[in-house]
Amino acid sequence: MPDSMKSSFRRVAWISRITFLEAIRQRFFAFLIVLSAALVISSVSFRFMDFGHGELKFVADFGFGGIFFFGSILALVMTAQMFFAEIENRTALTLLAKPVGRFEFLVGKFAGVWAVLGVFIFTLCTLLGLVLWGRHQELVQIAEASGRVPPDLSVGGIFAYTLLQWLRLGVIAAMVLAVSSVARSFLFAVVVGAMTVLAGQLQWIAQEALLRDKELGVLHQAFLWLITRLIPNLQQFNIGDALTLDVTSVQVGAIGAASLSGGVYIIVLMCIAGLAFRRREI
Amino acid sequence: MSTSLAISVQGLTKDFRVGLAGHKLRAVDNLNLEIPRGQVYGLLGPNGCGKSTTLKIILGLVAPTAGKISILGFPSATREARSRTGFLPEAPYFHKFLTGRELVNYYARLSGVEETKLKSAVDAALELTAMTEAGNRTIGTYSKGMLQRIGLAQAIVHEPELVILDEPTAGVDPVGAAAIGKMILEMRAQGRTIVLCSHLLGQVEQVCDRVAIMDKGRLVLEGRVDEVLARRDRQVISASHLTDAACAAAEAALIANGAKDIVITHPRRSLDELFRELVKGSRDA
Amino acid sequence: MLRALTVVGVALALFVAGCFAENSWRLVRTSIPEMGRKEIEPTLGQGVLLGILGGLRTVIADGTWLRSYVAWEKRDRAACEGLMRTACALDPRARYFWENTGYVVGYDMAHWEIRRRGGYAKVSQEIQDGLFKSYAQKGLAVFEEGAKHTGGNPGILISAGQMCEIKLKDNKLAALYYKRATEATNVPWFAYFLCAKSLWEDGQKTEAYSWYRKQWLEKLKGVGDSSPDDLEHLRYMEAELNLPLLQRIPRQTWEK
């Protein structure tokens, strides 16, 4: 590796480290992680509300739903906050006056936020995994006693889901950074970022229509094609239920393809953010 | 790259687009500056005169509309130029959870200070800014003067050839301001070039070798401090060992030769006075 | 020029990312229960949006189902059907939602409609019969859809068969549903009997016996507690059909 690349990596690593330390100290992070943890733990108590899905499915859905929802909020708000804190407090002035490239600055910010999101996701998924595993053990004993077939639970599936969700939050963070690079205020970045996340979660509707409805008109198809190319598909990472409770329903290569797609989205969105930020006046 | 100039600014113009219609607002208008190496250079002007924009353009934080800028012979905004430059912004803000030492260490790493020299560089910067003792406290506990000093430490930790200071004494008490002034002179003694933006004209006068005064984006005066402060409509006769009688005789001789308003003193006006006079003249024009 | 190149570059990069995402979606979509978008539209904005976005689908489906009970108690047909269908759409792999929606639509709603029109005394028998049939067909459509989404769940297919038997008085169609149920895994033992019974009552007595006998010999014989009951039914059919002894199922050692 050339020396210039090594020192570039070092600068990125240091910016991400400081971003991580700053983000992890935020009360907002602590609040969301505690709230999500409470939701995950309480999911076992709410299982009586379930209507015949299978108890573990309800617990998993409750936990995954909480992680998905609060994780999205965290990725959205924290990314915008970490970016605008540098701009509004003018620490970006001292930082970018050093031999730090603007893209290095953005990548450092992204990596720091993504690391915080990793802490969030891995903590909560470990907690959910423990809750599911504990209840699964009980259900296995009950099933054995009554001669029934015990429900399936894949610990590896929970781990795969954790990685996919982390990737999804990474895509959201990159989307918000791209928006923040052109936004003039934190509020604008959060509102527009939220709208892009919403569009990303609903993109699958257009994707499905494009793949299924072969009788659509040319214009309609062209429109759908454009939408599916412009907006990232965030739904592709939400296969927690299948990965955890029905791993056989997950096609071979699905996790790899979703990971690859998420990685490509992060790279492309970061490049867009870099282009937009290149000429921004600090 | 060898050059006698620390900063060279040629034909610098900066327009900002304002409002939805995108009306042009000229912040800097065809500015030409040449800042020699090894001097303390004062950049003065009223609020909104374009000096901060000029500094930001020099540092590559804002792109110019037109013009050419080079720092120590390198085009500005390049990594080569910025690695040789230190910058302290006006009213700096730093991550409060870091200690002073951690902060300076962080900026040293960003500036590319080698791992082996890191500790000594951080120590030297803290020592020069008299922050060695307070370096182990978190920045959240610092006073305004300490914040400025730690800001100065981060600016010089990589031993830059050029140090740009934007209002380094703003909000600092006279004692603190004097200490910062002393640090500036120490840096000059080490051979660095310092560009100073300040409203404390007394201090500028004390520490600067040259000054430039800007108004409405234009350069209205530039030169050595001694030269620009001298009044061309008056003469000063300097003499030593002059007795009172000799003074009276000299005065009488001057009157006899048509001289008026004779004052036997040091004929020097304050920079403050000159600054306000120049800005007022420019505004009236 | 540079700006145009940048725009083209960004568009190209997004195109590449979109292609990767499409490929990924083709593989991933089978793991995600397909949502019925049209069923969700009327109840959007009532907390359902979050379910569509991908999180808490089961929880929101359960909440929606609970709300449908309130509408059921009030006999509010539109609200009840809307909410029940939303629950089905949000969690289409849950048998419970499809089965109960089918029951409510097929069995209850015709009565609500008659009551809305003034009661049983006011509405003529002809119209009542028409309403029962029409709602039963709607209920049947719900079961059909449910079977499609749950991979042919035998419980839903048996419910559909019962609907055909009880409300549509169509034993032939009922037999078809029961037969489909017997082809699924984890089928309850009585599905075979129900199929044979429907065929029998439809007048296809020989076909009913042959099919039931084949199933008994191949699948049911010796399996669990159902075997003696099934054999008892088969013995009844043999007697009714007056089959010669050699054509009957040989006597089992455990048979009474």
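Per-chain numbering from 1; labels A, B and C assigned in written order.
Simple rule for what comes next: a residue touches a chain if its C-beta (ideal position, glycine included) is under 8 Å from a C-beta of that chain, and two chains touch if they have at least 3 such contacts.
This is a predicted model, so every value here is computed, not measured.
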- Note on the structure: Centre-most chain by CA centroid is A
- Message: Relative to chain B, which chain's C-alpha centre is the most remote?
- Response: C
- Note on the structure: Taking each chain's mean CA coordinate, chain A and chain B are separated, in whole Å, by 47
- Rounded to the nearest whole Å, what is the centre-to-centre distance of chain A and chain C, using the mean of the C-alpha atoms as each centre? 36
- Query: Just how far, in Å, is the C-alpha centre of chain C from the one of chain B?
  - Reply: 82
- Query: Okay, in this complex, where on chain C does chain A touch?
  - Reply: 6, 10, 13-32, 34, 37, 50, 52-59, 61-62, 65-66, 91, 94-97
- Query: Once bound in the complex, which stretches of chain B touch chain A?
  - Reply: 56, 59-63, 79, 82-83, 85-89, 91-95, 97-98, 106-107, 109-112, 151, 154-155, 158, 164
- Message: Help me check something: in the complex, which residues belonging to chain A touch chain C?
- Response: 46, 49-53, 57-58, 61-62, 64-69, 198, 201-202, 204-205, 207-208, 211, 228-230, 232-236, 238-239, 241-243, 246, 249-251, 253-254, 257-258, 260-261, 264-265, 268, 271-272, 275
- Message: Residue numbers of chain A touching chain B in their complex, please.
- Response: 7, 10-11, 14-15, 18, 21-22, 25, 89-91, 93-101, 279, 281-282
